[in-house]
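These are the structures in question, set out in turn.
In what comes next, chain A is part of two complexes: it sits with chain B in the first one and with chain C in the second one.
Our next item is the complex of A and B:
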């Protein structure tokens, strides 16, 4: 069903769109431009501002703390794509391989962490990681005999693993739902044909199933990377004592960095510069990703 | 060796046994694997929730004594009681007077409800306009909306905060509510749904002298009711969970024990 083809000349569509336009203008478009301008200023609270040209960007490129934040964020992004998504895919495949009452139950349970907020998850896990008494410490101890007294959130080497682990708990089920929906749309007869031609399960998955759900895979990969770069609430609530920085900035993400310089130190100008850098990185990665998958499709 | 190791070992042995029995057609072994792995994953997901429920009822002194609930033989008002809830609802003395927990709940409920209702109306109106009218600049508007969904929210955090200061919206319900009353995501959702509304019906409405607004409200909206229900659920959950992190930081869903 397509929309009527002739140009509608009345005011009706604009009236219906008016609230969106007004809100977007005030709370998206104007702030966006404002951020672009602000990035060239040094500010101190909402009152004073000094034009510094590219100074903010120059500062960022020489600030080791910013690189640390960028590194942590990339670690989380890599873990989401290469650890979390394969897990989601495996669970989706297992769920999809049978069709019984258990399927609905497992799906609901695995998705359930997404019904509560990130802050909630962060606070909950900060307790579960307690040395000696934390659920996770106890479990790891039972399994491997190590780590009962380990301070996950106090040891710089273990902070990122803890954040990644918490991220896994939340997002594996979330991405699994996407994969599951895509799997159900895969043409069964293609898989059957491949099986008859003598392909084993792995070959069928790699050569038939995965290519036919590539659009969803690309979408999930891109949104995962974008989500990783916006990681903020999880480390903030996991490490509330240090505003999400953790010992030696081991849990600092780029957005925590933005929050730190923009709101705690009061330099919204530098904060805006960080925001623009992050936005450009996200844009570059998404574009690259979509280009690559498009090129693969043509080849 | 302890219980967890035995369970893991039993699982692997079971799988190997089933696989060895019929390696050509490992249906049973796969079913075993499926239930086992999914069961383990579910346990991993549920364990923190169970721990949380247990922690809520355990007495403070016994919080770390038992991993989850104490064994049945030790259930008593000393180990399990409602003290945590009593403290929670007792109220918190601050400089502005005593603040009760239910006030946070009411705040969150009010905000989530208001956001959902307003979004339902504004998003569906805009979505309907984008689906059923041809007008100038429509393509550009759609592109802009798609692009705006890609902007990281934090980029806007600082300037929006400045905006709030300018508009005197900091620390007020209006400030919390206003930016959230319409979303590009919701508009897209409703646009897709409204594409399915038959044009003949809209034309019939026009011939019968319906105003454009009445057509939207009384003809199109009832047809996309299932989508509206799903949308309301998602939006309510999102705004209920979301309150904490906001340019003018207020309230707090505070649903911890």
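Our next item is the complex of A and C:
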């Protein structure tokens, strides 16, 4: 090999990696470290800051509003896992058994809510949830004789169901795509063998199909929970007048809380502390899930 | 050379394109910097942007400068401004800031506020007596003024005069809330007998929201006082909440919630509610969004809480601030005066927005005295201007969001109590909840170490 070529081989990978490394350094690592430091400061508006030690964390852990936000976020996360994902799976199973032309059409239809931004979805649903005139109110009224004048976005008891319903419309199709891809990778001969052995549909699904796509399921569950903990745009666009809080903070999520304290009240230090607490919660839940699924696999 | 590049041609061209685009970007930035305006003004309001675009050439001609006008979404404007100040990067010379956002910028010590202190300029140039006094409050912190008010936003009621007349109700007699509620009981009707009331007296949010805030403001109750102290926990708040609760919940309620946008306009057209809370800016939205109601709508001052009492409130506001980092602060101040204290321009702008400027010199202009076809020949400008001196002051705080949330919480707890147990123990519950809310807001505020220092 010639000398210039050897020289190129030495620096070329670094040169090609340089943009990625620079961007990661500037926009990921530096903010991450800065946020870690900032969590121990109190900031007042854009300029001033003062060291407060663990003060931000102490305040956070005794703040009922933060707990309310955490509770709302957990409710959404639980609904994501126990409502969204089974629905996604059901749709994926349905599509997987249909003919190819219809499969393509419905895949597009069900995935299409993801092609529009969450802000758009929020605005759309805020119209659908309008008392008396909203499509959902009218539909529910026709179906049950109740709900024409219901304030989905004004009644604290109905705000979270409204957010969950909106989330369902957006994410069911998205997760379905993952499940559909996984289903297409399941070994058909195993399912066939189980059927020959006398297993019914449910048994085939539970004992053969689901274990075969376990890795995808774990991935979808983990990403759904992470996504749920990052919920921000939907409540913000559904409840714009209260900055996403909703009546009695019924729509407040941990990220909305972070936004409120960091960018409306001007305490980026407390905002950073919230960010770190949320990151730790997500890390703990994800680790637990991965461990549990690993244990199940070993068993 | 390409042949000698490791990994082949594709990586070579990738590197080449990256370097080439960097050079082009750098060169065009340099050129853009050369063509930069002498002053930059950022606004979030489309109507303001359109109005300023028309008048800025005159300012440019008078001063021999170029003014750059930017239209930025309200939320983005605040976030970008915050970030720019935080990072010490370029900021506009002048910024129009929306209601509720000044608190963030004035949270720290006064010396760290990123906006120019305009107190002396307003005093020395004798503008204070020429501007509606209450409107300074929103842009003040610890007695210092950081923006000039763009508007008054006095609140009136817009109503379906045709339907009210058909019911034989004289709007002029609805001068107190007591009389208003009594009339409201007669208005409630279920036309089709399905158990759902089809006509209500007034549009009020059932969760409190802007309706409760406006009525509290009318009674002089704000969330915060001039020194940033909590002021919402007073006996009148309890009374107002109980009253509001009775009008929005239970069998005797006189209101419904009509929402925003299309549903609001549909409700107006259908006559679902007869009265709608309307500050000046909303009167414009109504006349543009439901043109079919031309000649069927009228304006009425808010009923007073007691005979001869205040007949208005305020809702919203915009202020014009000059950033401290601006290298041309005097020129920026000249532009601020040109836009906000130039009566001729304010007259034209009123016809395009219905927004009453706080600069009183302008109110005698013909535009403010002209009858409005939409509002059944009423002199819209004069009607709002008549109420402007009565508008109560409202102080903003970085904790406004926190306090609003807490007051809303108190009201909703009261709703829960009322729906289960009625009036029994209602006042006591509201008082207890208000005490807790005040204590919480004070606790959050007490964390602000730096904001206490001047």
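Side notes on the structure shown:
Just so we're on the same page, the second predicted complex is superposed on the first by the 289 of 299 C-alpha atoms of A that agree within 3 Å, B and C clash if a C-alpha of one lies under 4 Å from a C-alpha of the other, contacts with A are read in each partner's own complex, and residues count from 1 in each chain.
By definition in this document, a residue touches a chain if its C-beta (ideal position, glycine included) is under 8 Å from a C-beta of that chain, and two chains touch if they have at least 3 such contacts.
Small disclaimer: the values here were computed from a predicted structure and weren't measured.
Under the clash rule set out above, the superposition-derived model of chain A with chain B and chain C contains a clash between the two partners. In the superposed pair of complexes, A:271 makes contact with chain B only, with no contact to chain C.
In the superposed model, A:133 makes contact with both chain B and chain C. When the two complexes are superposed, the chain touching more residues of chain A, out of chain B and chain C, is B.
In the superposed pair of complexes, A:12 makes contact with chain B and with chain C alike. In the superposed model, A:151 lies in contact with chain C only, and not with chain B. In the superposition on chain A, A:196 makes contact with neither chain B nor chain C.
Residue contacts after overlaying the shared chain place A:226 against chain B, while chain C stays out of touching range.
After the shared chain A is superposed, the part of chain B among 79-87, 187-195, 205-213 or 223-231 that runs into chain C is 205-213, by C-alpha clashes. The interface of chain A with chain B overlaps its interface with chain C at residues 4-5, 8-9, 12, 15-16, 19, 46, 127, 132-133, 263, 268. Within the complex formed with chain A, the chain B residues making contact are 2-5, 30-31, 33-35, 37-38, 41-42, 44-49, 51-52, 55, 63-64, 67, 122-123, 125-126, 128-136, 138, 141, 148, 150-163, 165, 178-179, 181-182, 184, 187, 195-199, 202, 212-213, 216, 237, 240-242, 244-245, 253, 255-256. Only residues 4-7, 11, 14-15, 18, 78-79, 82, 85-86, 103-109, 112-114, 196, 205-210, 256-257, 259, 261-263, 266-267, 272, 398-399, 401-402, 404-405, 408-409, 412-413, 440, 444, 447-451 of chain C touch chain A when the two sit together in their complex.
The touching residues of chain A, counted against chain B in their complex, run 1, 3-10, 12-17, 19-20, 23-24, 26-28, 30-32, 34-35, 38, 46, 90-91, 94-95, 97-98, 102, 105-106, 109-110, 112-113, 115-120, 123-125, 127-128, 132-133, 135, 138-139, 142-143, 169, 172-173, 226, 229-230, 232-233, 255, 258-259, 262-263, 268, 271-272, 275-276, 278-279, 282-283, 286.
Contact residues of chain A toward chain C in the complex are 2, 4-5, 8-9, 12, 15-16, 19, 42, 44-50, 52, 55, 59, 64-65, 127, 130-134, 148-149, 151, 154-156, 241-243, 245, 247-249, 260, 263-268, 270.
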